[in-house]
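Multiple structures are listed underneath, in structure tokens.
Shared between the two complexes below is subunit A, which pairs with subunit B and subunit C, respectively.
Up next, the complex of A and B:
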């Protein structure tokens, strides 16, 4: 008999400390929900960056200290003096009537590291507020809890949830600018995904205590610098679509246990760190080839946009390239050549060297036609560049 | 993407070499383009860090903002760059040809940036500059708003298919070559060039690996690599700030030199790569209809130049409903024309359309050259019909108007019927134009029996749609019920905050 899922996930992670979901892994979840490798690494809380680096694919997701400093400075400025600037934009830009405001920082409870105490305090305060008692209007740094793949994950948003007219709103503070009322769509999308996770988590909290989930709005408030200044502006962003998408994806991976059951029992992504050393000096002791072999046993679904948000992407790309998988070329080519998985197969069909199966015959005819056209052109104009 | 381009990408991937997608270069390349590589500071869209600009490989200017967060330095930089760019643009505002309404400049400037990010960086810079006031508390040099308005104009034209006044180099290269990597990776100029022209003695695979290593190939911008930021740039900016605070001219000059050299090290590889790419692109013959598109560029350039000479206001922050509709119609039109012109000029592009069933090539198997028809005005006109047998997967329906690159200029036809015949298709077309004025068609104006002929849909002539005047905007499209946004009025926007509060 196999050990229960929790134990199996812990075994997959091995000795390393558990990592919780962050903005990047949530983005990865939204963009590539069907990737087994990503699902297992994230659900087990494994350190994807360290694993990728150890097997020879260091991830390029360094953050520039400028971006970091800018983000922190902007957030601090917005929250200064009991969120004075935030209240200004809520009142002036979004025309909200906030009569009296009480600000509660939930960061200070229980000391650093005691997530359970912080989560209890968050629950207490938010439930009081939801019942209409308590004096909070703005809640800073609540610690929420999200079920991902049957596993609990703490979300530590650097956000303020505020309550107006009996509804909670999620506020995302971001440092990319809103220029003339428009912001970079990719960045807005990422921010909305992150906020959607908080909406889901907050709703789960209310539902768990038998309260109406409608008390959490699915419109988020995005606070970002106005034009080229440092002054904030705000906008409502409709997150309905992404809340729905994320909910669907979360329910789909509800059963990480099903994935775990398919794995060989001895499989682990353990880095074998020497935990007695200070964190900075910990080096993986597990042989890289062994870890690489373990990672290679789990199927991954590579897509080029993984390069933007998944630490394992370079590993997966190398594998896709080695297999001549059409995933390397991205969705535009994949869609055109539906049902064909590798470059070898596509060219084999195009050159008439492979016999197509029944459902490939239309595709094979189109490929042969395209190949004939290319041959004519190559003859007339020369092929390679 | 068509089946043909998909196949080209697969071939490139399998054979590990770039595969050409066109026979011609469909964008004009100027003899004297202004190459600009903009760099911005991470985390702040409107904070330019540096720019390298120049009209020849060996003639470059590097401008650096030592402390990008400082607004005064930002606009001093904008003024310096503005002078470089305006000198270049003004050199094209000299020769005019034609009289009155038709008078226009004979050539246009051309700015080339590494990638779409470079275009976006110039758009931000243009937006930052064009509303600034040259008087009052935060006065900027006179060139700044002028430069901003020109940048905005160039960025706007870059959205129009077939124009060549502002071009991202990666787009030019991917138009001509298919690589064995994804569209996302094609945005990286170094990766793209690794496929097309890897350094001598280096395999494509190795060149690709180097292209993704920021220490070997620094990113082509606008953002710099985070490692570079943290390791080199942040300490250097700090030293500059310290020197600035101390006010010692020697240390300040030293700190400034250090910063400039650091950044030069980051842009120079991209600079060399860009000129290498430009010279490769120059070696590709240009498509015949490029000249016609240059004429449109001259028109656009002259109009904007005259508007500037007349002291026009800066472009709005947001289009009004009517100007947005007008612009969209122009962009759609330009795209349709450009696609048709490319297919007409270029057998590769035509083949691409053929593989998607949007064009066809075949052999004339039946011909009625002397067929006539009687028009509504009761005149007899030649309306010859020919039947073409094609093995292309045709998807065009009867009634589609056609043009043909294989027939003399002016030839037009319309599809009468499409009948499948075994593996092939028989298309009967009626020739409607290009036959001269006589009762019988001119010699050579009707396809002969057994001739191979290409047909593609005619983008046709469309009248410019008429839009209501701005004071007659339908209520469905009128301004926000919350009241008009005052920032839409350019005069008010000039009073934009300086934002110098950090």
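Up next, the complex of A and C:
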């Protein structure tokens, strides 16, 4: 069952405990599927934050503990007293009928919280519901399983609601407000991406047991505080586009084994932690330069929005800047300057210091034109610019 | 104060001083209460010295320098919890227990005191089963008969009342709403006067999530909760779920009677997964 690639991935991670995919690394996958460094670090379960910190690029932020506590408190409030608040909003949005109140807690199985037992139980009750003889309407924190690049990842939606007419809805509980029916588009997008992964995982579960995947709705239910109050309200969000995008990226994701084969045999991102010490006192013992050199041997595809979701982003940005790569300027500029990779080359072509190759000639003409316009402007305004 | 022993010694000496003051002032009732607290703290200190384990009951944190507010405010946490649960008549999570306590009873009860309560009760039961008139124990999951996360119940309740099936959270919520509405109604009609603001807030939180329980809002006057309307609305929805819930509960309680007494109270061990396999 275990292909040898697992051994290679374990070697890449080294002695540290394995981290699994989570909503954050899946968002990174959706936003930057082509980045080899991210793919390898995530697939091997390496601690990206610790590696980045050790090689001198600590992320100055992280998830705020206040935001985290706020999110948890809001979710607990919504689910308090037999999901009383949640039932009210779901009765309003999903038109749940009065008898549809059955609630199954999948946070643990009879006191045991291990992932395998929870996943087994989730599978059991969700399949029962899909077959139409289950007793659940609300499934609290089911544990789903998704294959990402040949590696399994456990995913945990806030809630899955099952309607009598045979549809599953992913319910995502978020603590950013919906004000006058409007919410921050970036936040909604992030929530939808997360929910898309759940939709895909739930469909995979049904498909695996020979059931119709259409039973899982493309529409997610977003539960969030209403206006400036703490009372929840719900809205439908159409996730079709993101489900399609993520499905495509998951199917295209370069098989991790192919990536691993391209690496030098001795490459590892091991931090060499002293695992005998308590977790808080563990310090990387591997020389930082050696680790940095190892990381630098793997190509990274930097994009400015990596800063939102990848701990390695500062490292990648520094490297992209050092190489004067156009990646730093974002995809908009990159696309405008197709075929040109670095700022040095773009400036050289604009100033006529470089001779364009055949397929660069159009771009070179455009760049020279832009440079001329700029010169005229700066001269006209006395070099004010 | 990192060491629990240090904390205990500190509170023991504070208590002794307070007892001396109370006796000097001739307040024998207060001195008696403080002596009981002192004995508890000393027992905890003994236990800590003997076993090196954390004390079973947290020491009284500080000695209140105000006289006792009202009857019952000095009761131990388990008595407060018992009273709140008796009012609700359903298994409840610590947050709701604290909410009910604040709405209807005097004295301090914080959710943090409840976190270790169930374990303490189980330990007390194991050391001398049946020594206390009641125990605060677990609600049982209808399928595995394992303890349900967070919920507290009372050992004197029938097993059926302590079983949680798929519909039970909603049934218990509606039952709790009725009991709270009745308590608010009793406070309204009693000679003493009015229900507390906390009680009305609690009732409002329940009523807002029951169909037809909120008074229709008219532009002329601010809506006032009608306890009878809340009770009627909750009963109407309860009627929809009650039969199905009852069937699950009584079936599960029949199976639960096969467990030994401690397991009936505090739940079957987690590895007991046979009932689920049998059903699947």
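Details
Throughout what follows, the second predicted complex is superposed on the first by the 355 of 385 C-alpha atoms of A that agree within 3 Å, B and C clash if a C-alpha of one lies under 4 Å from a C-alpha of the other, contacts with A are read in each partner's own complex, and residues count from 1 in each chain.
As a working rule, a residue touches a chain if its C-beta (ideal position, glycine included) is under 8 Å from a C-beta of that chain, and two chains touch if they have at least 3 such contacts.
Bear in mind that the values here come from a model prediction, so they are computed numbers and not experimental data.
The partner of subunit A that touches more of its residues, comparing subunit B with subunit C, is B. Shared-chain residue A:105: touches subunit C; no touch with subunit B. In the superposed model, A:328 makes contact with subunit B only, not with subunit C. In the superposition on chain A, A:83 makes contact with subunit C only, not with subunit B. Judged by the touch definition given at the top, the superposed model places A:380 against subunit B, while subunit C stays out of reach. 231 are the residues of subunit A that lie in the contact sets of both subunit B and subunit C, per the superposition on chain A.
Taken together, the subunit A residues at the contact with subunit B in this complex read 60, 62-71, 73, 95, 175-177, 179-181, 184, 227-231, 304-305, 307-308, 324, 326, 328-330, 332-333, 335-337, 343-344, 346-347, 350, 365-367, 369-371, 373-374, 376-377, 380-381, 383-385.
Per the touch definition, subunit B reaches subunit A in the complex via residues 1-4, 6-11, 13-14, 17-20, 23, 41-46, 124, 127-128, 177, 180-185, 196, 212, 214, 223-227, 229-230, 233-234, 317-318, 347-348, 351, 354-355, 391-393, 482, 485, 487, 496-499, 501-502.
Interface residues of subunit C facing subunit A in the complex, by the touch rule stated above, are 93, 95-96, 141, 144, 146-149, 166-170, 172-173, 176, 206, 208-209, 211, 237, 240-241, 244, 267-273, 276, 280.
Partner subunit C is touched in their complex by these residues of subunit A: 80-85, 87-88, 91, 98-99, 101-105, 107-112, 121, 124, 135-136, 231.
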